[in-house]
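Quick one: this structure, given as structure tokens, is what I'll be asking you about.
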Amino acid sequence: MEPIEALDARYARVRDATMALCATLTPEDTVAQSMPDASPAKWHLAHTTWFFEKFVLCRDPGYAPMHADWHYLFNSYYQSAGPMHARPQRGLITRPSLLEVVDFRRHVDACMRERLQAGVDEDTAAIVVIGLHHEQQHQELLLTDIKHLFACNPLLPAYAELPEPPRGRARPQRFLRGREGLVETGAPAHGFAYDNERPRHRELLHPHAIAQRPVSNAEFIEFIRDGGYRTPTLWMSEGWDTVQREGWNRPLYWSEDLDSAFTLGGLRALDPHAPVAHVSYFEADAFARWAGARLPTEAEWEVLAADRDPGQGNLRDRGLLQPCAAPDDADEDAPLQLFGDVWEWTSSPYVSYPGFRPLPGTLGEYNGKFMCGQWVLRGGSCVTPGDHIRASYRNFFYPASRWQFSGIRLGRDA
Amino acid sequence: MEPIEALDARYARVRDATMALCATLTPEDTVAQSMPDASPAKWHLAHTTWFFEKFVLCRDPGYAPMHADWHYLFNSYYQSAGPMHARPQRGLITRPSLLEVVDFRRHVDACMRERLQAGVDEDTAAIVVIGLHHEQQHQELLLTDIKHLFACNPLLPAYAELPEPPRGRARPQRFLRGREGLVETGAPAHGFAYDNERPRHRELLHPHAIAQRPVSNAEFIEFIRDGGYRTPTLWMSEGWDTVQREGWNRPLYWSEDLDSAFTLGGLRALDPHAPVAHVSYFEADAFARWAGARLPTEAEWEVLAADRDPGQGNLRDRGLLQPCAAPDDADEDAPLQLFGDVWEWTSSPYVSYPGFRPLPGTLGEYNGKFMCGQWVLRGGSCVTPGDHIRASYRNFFYPASRWQFSGIRLGRDA
Amino acid sequence: MEPIEALDARYARVRDATMALCATLTPEDTVAQSMPDASPAKWHLAHTTWFFEKFVLCRDPGYAPMHADWHYLFNSYYQSAGPMHARPQRGLITRPSLLEVVDFRRHVDACMRERLQAGVDEDTAAIVVIGLHHEQQHQELLLTDIKHLFACNPLLPAYAELPEPPRGRARPQRFLRGREGLVETGAPAHGFAYDNERPRHRELLHPHAIAQRPVSNAEFIEFIRDGGYRTPTLWMSEGWDTVQREGWNRPLYWSEDLDSAFTLGGLRALDPHAPVAHVSYFEADAFARWAGARLPTEAEWEVLAADRDPGQGNLRDRGLLQPCAAPDDADEDAPLQLFGDVWEWTSSPYVSYPGFRPLPGTLGEYNGKFMCGQWVLRGGSCVTPGDHIRASYRNFFYPASRWQFSGIRLGRDA
Amino acid sequence: MEPIEALDARYARVRDATMALCATLTPEDTVAQSMPDASPAKWHLAHTTWFFEKFVLCRDPGYAPMHADWHYLFNSYYQSAGPMHARPQRGLITRPSLLEVVDFRRHVDACMRERLQAGVDEDTAAIVVIGLHHEQQHQELLLTDIKHLFACNPLLPAYAELPEPPRGRARPQRFLRGREGLVETGAPAHGFAYDNERPRHRELLHPHAIAQRPVSNAEFIEFIRDGGYRTPTLWMSEGWDTVQREGWNRPLYWSEDLDSAFTLGGLRALDPHAPVAHVSYFEADAFARWAGARLPTEAEWEVLAADRDPGQGNLRDRGLLQPCAAPDDADEDAPLQLFGDVWEWTSSPYVSYPGFRPLPGTLGEYNGKFMCGQWVLRGGSCVTPGDHIRASYRNFFYPASRWQFSGIRLGRDA
């Protein structure tokens, strides 16, 4: 566990970052929920604060919750922490107002600071660290949820004035041979990781290769022009049903003419060299089939990424908030853009590792109960906080989800 | 038509009243939509303004709309005025912000003032008058929609600090014999009325009587305790389906113990003497059957109300925003509370009068196209603006609607 | 009440007619339910029999129901007669088999014959008469439900080999001036009529005219070609929603090229002179608006039809089971095709007459509880039994219903 | 590939078995579809025949399909074989009648016999073999679909008069240590297997143990009585949502008092010693968590079953059509009931094996496109044909499916 000093400072840094993300939002922007999967920004602000009040401050029996009746509103899904408001109704919670929620944050932050400065035991420190990672996850969601909300507005407002991303060239695609045989994956026993990354365990890798870089917009346009969205045999059965039912014919946020896309900076020309984003697992899988390839497994991905530095990626800290092509000066044989830009769909259903043990108590509900029907994504995206990603990190979404910055890296048998 | 002077002042008064209704709301409160039937307060503010910009200011070809791209957002249902945003998505329009909408109001109000002070032709004046009545309708909806929204919030916030309504006693119920034979109903050709109140025409009234006052909460509790909600033979077939599907067992906003109800002033004890409110046509009709009575027809109601003064009712101007029992000092034989307190469901489906002509042009869509599947209510409610009700006024809602201040007055054959 | 002898014979005739309608059906055809509004033929056979067992035979406390456990299955909607199977599940009741149901019919018929021959009291006789009218209503439904079912089958099987209907010419349309002022409508106190046709009462008719004949297919095609289905201002708001949601662009059962239509005799060329059928109220109303007319009220219709002979119409007994143009030899000023061919939508919502009293007991549920949200149709159709129609007969369906032989007769103010 | 002679005989045997399963059904029983997941028996009869006509007979360009227009009706999901009728509408296809479908079977069988007796090439023979396995799969579905249909009928008809199953005693539960390390699973390259069982490949097994026998009804009742269905922390998040939404509180087909269950032989007392059946993955997984165990992976299961004889199981050929306890005389350390009784949910999502290649052509749609969102079950059930199961056989269903004979075998880490 990290030293208490650091924890205090880190707490402040992470919490402040969340507030900073809201700087360009009006109070109105923070209250609306554009679909059941997304949450209002105000809800994110309150829920992440509830997490600290409920799981840290309330450990002290002397602590009186600031607003006990808010716990019902801002508990997300922790059944063992008490009943909760129905998720699809989050957009109707106009009260507490944004100001009241900000006050709540201040109050909890003050209590937390005091607590952290007084020194906390190891268990508590561990929960604080989880709470900060939790907060960072919600930071990413806050951005993707706002993007979705703004895309529902015919005025297409920009979240912020963003710099134009550098317009590099996507290299010609290559496949890099992966390691095979018995390997180890998962997070080591020490250091922070979510319970779903553990235990570190042996995996058997079959001979395979992985693409050097993610699929680009230009390549995805080829798939579209080749009739990809009209060819049922390229698709999972359920994917094809979704294509038909939803009328999908391009990635989410793209204009009909395939020339531009809605971004956090507003509507912008589509960069053919940038990695394609906002595709579902169904689209990633169909694209791979069309390309004569497949998606990599999560173990193949992790082994490839294991000794790369996540910090080099186009993550949120770079401030682009949009995927872009990798710079051209990289090592010819190195995998590119494993971290940042887009989360990469893998061919692995999200299930537990052998020997998986959920966290004890309520936090055991954090991850384990979602191990059904979702697929693993790896590597973080352009809106992932820079210190929130690692090779063993497992993100997961339903196969029809498209509102995350989710993209495609190909793999194949070798 | 009214003199231009008066129109100017009246315009200012009505428009200001709308803003005044929002004084206690946060920006967040104004953006959320709690169900497809309801609209956000911000949307009401913008839509009523769009009405004047579109139907009055834009008559001048030299007028440039302040925000041409907002017309799509704030057109409600006028197909001939252009395409419009889907009604159930109104809660996602966080931009324009409340401040921008208020600016829009100011801008349009300034232009309107100028226009009205310069003098307008009769046609224009007529549209302005319609626009003001339209605005007043939305004032009522703004309140009922906010009430619904706040009732969806587990914190049950109050819209405003409201005075306790006077706690009068409901008189013992009596039935007053109505006029019979050929009568005239509908608005006269001159003076303001909606197109659906015209033409004035002959109706044949059969022998009947009408209750002196609306059904009280105490009487409705009797119905509940007698198993009213569990007795299918009291209900229209579709009403019974609704009872089953929705699990109805009391009026909207009542607490389960039948002791209190959510009001615009927050949760309050239920006054047994006050008229029951927030019941659907289905409930009104079932109650009437249980009571061995029926609902009055709209013609019966109108003839009874024709020479009464609407201004005496518990309308919005009284500031209670809640129904209450009539004062005890009234004439023994006079009908009570015809105006104000609660809209009274009639047994009349909402259809056109013989010889009905919709307004010319786009405003022809105001009323006529809704004459299907809805039922007429009469008399206004405790949130109806004082000068917005008259004996010939026809309100209409679907038979399952309960979020309006809708109540019951009994009738019977005689 | 009719003499017992006649009742006996009439019972046999009506009951046999139902069986005769099933002669061309396979057992499989009799079990399927193509939508919640329709019922399987086998269900019709059993339900009409249940009606006699439950409401006539079971009046004798000594009578033991043949299959007491079938009552749950074949009660349609009589809440006071006990619980019932959910309507949309009728197609899953493969047992009892068709043969068992036919046996049930035989058993009940034998008991009924014995009972009728022994002589029944007046009350019982009245219920038997209702039961026979009820059976005839179901005969019509059986045919419209089978038509709907077969139209859902890509093989488009014919119900029967039917004669080609005579191909007359539709006369040029004319409007006939109607009676005005105070009139009487509704069924007289004596003779059979449903409770909803009573009491006979005074109505006030405003000056009006009614079209001599129903709208023809050719005229409806004009409406289509003129963009009728693409012009929102022609439609009720709810009708337009339905058009959009369902993708309506022509009457039910018509081929896309407007050249042919599915009939009980299979797919056939569309006769431009025949009355248009299988249109909803929404379409009838939109057509009327397009034509600068309106639909007649039910009172206007009834007064016009009051002294015409229903038996002249193209009713089921003629065996065409399809609407066709009227013969050319009719009186120039006489209204044509009031009875038979197509049920004619009126502008009257289906509500009770002044002074309406439902039948006592369970049969009070027959009609009254459906007086909400439906519209009155008049005159019977080409599948209505010849002795089952009269001027005062009120049929009723929801405004979006199209699977009945429902058509359009225009009216207008005069 | 098997010799042509045998194929001829085998074809006859398998095809006749399908017909034999329908002996107790009325024509009405064969037409109804009780839910989108299930199909009518008549559809099964026709679809399996279509399979041979389309994929075998039509390979001969000289062959004229008996009913070319039936291909649309009886293609299930092979997009590359042409368009198809919507799955949820299968119950409306009353024509062709059962007799016509039986005729179709006879015709195709005669052609097939001729073809097989004349001798077919290896490719054709391979497709015939697939067609026979396909037919056997549909035999199982025919029984589970009929069971579901009959359970929807309040009369609860029995599919057949079935013998009472032997009432053995379930042994005290034990866990058997499994093999660990590198193993091989999947079907060998030769002999029949579906494409999804291949290629045979290496898997890494972690230390584990597997229960000797499936979970019994008595054990599942314990789970219920202990509040299993009311304890959210036992469930996958989506499973808990399903429990709430569907009101699940016991396995499908059980009576509310947990004393009896609907079987193909009608309603019968529940045998506490028999394996629990008709539970979903969600229930299997929750039960395992409650029991402090987990479900085995499919590889763990397959390795355990690899050298067992499927023929000893309670499969369809035994004629019980109901799970029952294993006989008591078995080897103390041998796993019991791996084959037959109930399909056993595993913890393995249904995905492709490393190096998976779908069959070429249209039959490539047989399995691969369903590898999303489903879970693997192993071992066959009491309605699986005796020669249709093997250790490598992978069945798969959605996690909420309960209408198959699906049960639970526990596993755990060791």
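By letter and in written order, the chains are A, B, C and D; residue numbering begins at 1 in each of them.
Everything below uses one rule, namely that a contact is a pair of C-beta atoms (placed from the backbone, for glycine too) under 8 Å apart; a residue touches a chain by one contact, two chains touch by 3 or more.
Going by UniProt, the chains are A, B, C, D = Ergothioneine biosynthesis protein EgtB.
Bear in mind that the values here come from a model prediction, so they are computed numbers and not experimental data.
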item	value
Chain pair equivalent in interface to A-D, over half of contacts matched, among C-D, A-B or B-C	B-C
Gap in Å, rounded to a whole number, between the CA centres of subunit D and subunit C	47
Approximate Å spacing (C-alpha centroids) for the pair subunit B, subunit C	38
Approximate Å spacing (C-alpha centroids) for the pair subunit B, subunit D	59
Topology of the chain contact graph, where touching chains are joined (line, ring, star, complete, other)	ring
Touching residues on subunit C, where the partner in the complex is subunit B	77, 79-80, 182, 201-204, 206, 232-233, 235-240, 281-282, 347-349, 351, 354-355, 364-365, 369-373, 399, 413
Residues of subunit A defined as touching subunit B within the complex	26-32, 34, 42, 69, 72-73, 85, 89, 91-98, 149-150, 152-155, 157
